[in-house]
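Working notes, beginning with the structure itself.
Letters A, B and C mark the chains in the order given here, with residues in each chain numbered from 1 onward.
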Amino acid sequence: MTWMAKLALQAPVPVFVAQGDDAPAETTRLCLNSTLTIVETPRAAAILLVAGTIPASLVQHLHRLHDQLPHPRATVFWQAGPSDLLSEAVTVGKDDNLVSVLTDTRNSLLYGSRGTEADLLPDAPPNEWCGVGSHGQGGKGMMGGTPYGRPMAMTAADFRDGLELDAYTADFGPFLPMFPSGLVLTLTLQGDVIQKVAVVHPPFAGEGNAGAALLRLLGLPALAKRLLRGPSDDADFKRLIRLSGVRAAIPPGLGCAPNGSDVRERFERLTTDPGNPSKVHVEGVGLGDLLIGLEWHEAMLVLNSFDNESLRAICANTSSPEPEEKNGDSMDHEGHAGHMS
Amino acid sequence: MTNLAFYTLSALAIWSGWRVFRVDSMIRATFALMVSFICVGGIALLMSADYIGIATVFMMAVEMTVMGLFMVMFMMNPAGLNPMQMVHQHRFSIGAGIAAFIGLTVAVLATNLPNNPLPAGRDTLHDLGVELLGGSMLIFETAGVTLLATMVGAVVLSSRRGRFGDSDAGAVPPGLQPGGQPAGRKVEKSGGHGGHGGDGSHDMNMNMKGAPKSDDAPHKGHGKMPEEES
Amino acid sequence: MSFALALTTLILFLAIGIWIAAILDALFYRRISGQGGVSVLSPFYAAAAHLSRQRLTTEAPDRLNWYLAIAGYLAIATIGLAVVPFGPETAVIGIKTSVVLWGACESLVVVLVFLHGWSPNSPLALIGAYRYVAIGLPIMLLSMFVLIAAALPARSLDLRDIVASQEGLWNVIRQPLGLPLFLLLGLSLTLRGPFDYADSADLAGGTSVEDSGANRAGWQVARLAMLVGFSAIAASTFLGGYLGPVLPGIVWLAIKTLILMAVVIGLSHLLARMPVARMLGLIWKFLLPIAFADLLLAGLVALA
């Protein structure tokens, strides 16, 4: 064992959490444990923690996610059965001490007593190279085309002013840390502005903590932790929220629901009274109405400002995409990792 | 020592300039050009033009970032997944290259280059300041104001709020008589536009003729041009 | 001080600065979130944990630029620190135009952060890169105004002269608008808090989303190094740098750098980040005019 590993043992355990359906309620509060760091990308994690059951339709995404962890890595299933390909993963039941299992697993990875997990999927493009240009480029002229069988971004008119910008379509989710868990969206982006949206998989029913998620998105992770900890030191927390200028940071009228509440108002309610978020009326509102035209940061704020029940209703209202628009499916494979699906 | 630095920087400048035409990614080409300019800035430093040398680095970094972004503006086609054909119009560019090379070589060989070394301890920065705001002030100020006017003009042209209404609402100039045809030049529908932005000009035709498109209305509340904010 | 001694000082200053910055960052975070204290060795543990993991790559990345971005960011931070005078007439890079050199460093940071997001060939990183350029360029304009204003009383573009000109009165009092505006630039250069449009949480880490192992550790170290470099520049430009009674100049510089580092870290944990379009409006319509007013005031004072 090297001195490097000895030092690394002292660091908190970096865990990437993949939330499944009926994930244990403590999942959102895991970050409060100082022996763990809940990281926001699998590339920074040593352990993939699967909390709850991953539905069969999303297991493929889990396998892709698994392969994006750097070696040495391990998978821990918490209150769930491991999938077929990950049969040698650690499983943790309801009554076991999760944190000590995670720490032990990390330690045995560093000691070398536990081997790292091999890739589940082949590390290769899904298709052969099929560029057409003499220079090896994918398509006509200088761009576009379908190298490796994946359509590359091609210019399309921006819906606001017809300016030709690259439209990029891909699936995002279901384990992205800034998405409500389980949500998979097919988004068409021009730059960071959302042009089209389609729901592939709605979010899971379990309750997250939308207030903490919003605070994290606004760049206040420490205050998010404080909110998760509970309203014990209320006055101090409220003062910090006020000082941070959150109210001014959220644009007025962002993500306006039919009953008139916008993100700012919902944020206020979520942080002052996290126990009982009052219902938002969402009849007839689809994700397209809410997200199209927003830039990425605003769109994430809007997505996280709803309770899961309302968001599921909104997803149900969203019209399903036409098949030919969903060319993003073939794009998120193992190597092209940004989607972290 | 100075000679060594000079030859190293020159070699690097030429090599990165050559790379601009050999790489298959726009961003690499842009920043290879930046490296080339930075090396030239370094050579200027060696020639005791310290302000101009460092200002070159500074200007080129900004300029190349902006240029790179405009070239690949919001191109969601990052890095090396889809290599690009970076050279085109081969015959013309070879001809232009040879002509420029011969022209510059002749210019260098024919010019009687001055040879007056800078006296040690001379404050070039001060001299430059006196030059900029002294004898040549009129030239520089004229150029500066012209550039500023150009920038303001460019911003106005690209603004969403046009002279005849919001650009995304199909801005149409008013008619010469009440209810008459819109004034101004008619845009002809022709196939003669360049490869870029074919659809864009088609859209413009639509907007010139038609009334504001009503299906834009739902998005209006979310229009995200920066000037709309606040 | 000889050149070799100045260079050694620089490296020590940077290394200790990075270490302290990492601890301060963790300390602020834990204080605000209501957790306990921090071990002084925790940065080393975290670095070892990163280094003990594999360095992953993506499909068809721009590998050269990926490494260049990380190494370059660290190098730029070091150059920034190198123009800071450690004592009268003593700086590792002592040139007449050191403020312009720092300006060049600022603009190269925008290039390098962009490359860091561009290179991994991944959409979230790319969005972070584009956004950072949109914010980075106007913020840089702002810092140019502020720095020129600070150079006016010294009648020099040399940071050594700027420090010397504050013998009687520090620039922070002489130009009260300067330091607050310059601190915003610091938040942007170090990708922190309200100006962190490159590596933010809404992009799951933005430009660094694909970094793992040594690359991740390298990028974090470079960010902290930039914080040290920036704080030292700000301390020299506005708080009189090495000037101070009794103690040696380098100690005064270290104290002032430490204070500014703490202020930047505190701001980054306490202020909320607004969506990028709103921030652009704020910078162009509100902060730039203020910066221009700062320059105008400094000019009038210089004429008077």
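The working rule: a contact is a pair of C-beta atoms (placed from the backbone, for glycine too) under 8 Å apart; a residue touches a chain by one contact, two chains touch by 3 or more.
What you see is a predicted model, and the numbers here were worked out from it, not measured in a lab.
Among the remaining chains, B is positioned farthest from chain A, on the basis of C-alpha centroids.
Counting contacting C-beta pairs between every two chains, the top pair is A-C. Chain B and chain C have Cα centroids lying 28 Å from one another. Computed from the mean C-alpha positions, the centre of chain A lies at a distance of 38 Å from the centre of chain B.
In chain B, the residues touching two or more other chains are 74, 76, 81, 224-225, 229.
Residue positions 59-60, 120-123, 125-126, 130, 277-278 of chain C each touch two or more of the other chains.
Each of residues 168, 189, 191, 251, 295, 336 in chain A touches at least two other chains. Considering their complex, residues 25, 27-28, 31, 34, 50-51, 54-55, 57-58, 61-62, 64-66, 68-69, 74, 76, 78-81, 123, 125, 224-227, 229-230 of chain B touch chain C.
Taken in their complex, chain A has these residues touching chain C: 4-5, 7-8, 10-11, 14, 34, 40-41, 43-44, 46, 68, 70-72, 110, 125, 168, 170, 176-178, 189, 191-192, 216-223, 225-226, 229, 233, 240, 243-246, 248-251, 295-298, 300-301, 335-340. If you check the complex, the residues on chain C that touch chain A are 28-30, 32-36, 39, 41-42, 44-56, 58-60, 120-127, 130-131, 193-194, 196, 200-205, 208-213, 216, 268-278.
Taken in their complex, chain C has these residues touching chain B: 59-62, 65, 95-97, 100-101, 103-104, 107-108, 110-111, 114-115, 118-123, 125-126, 130, 133, 137, 140, 157, 277-278, 280-282, 284-285.
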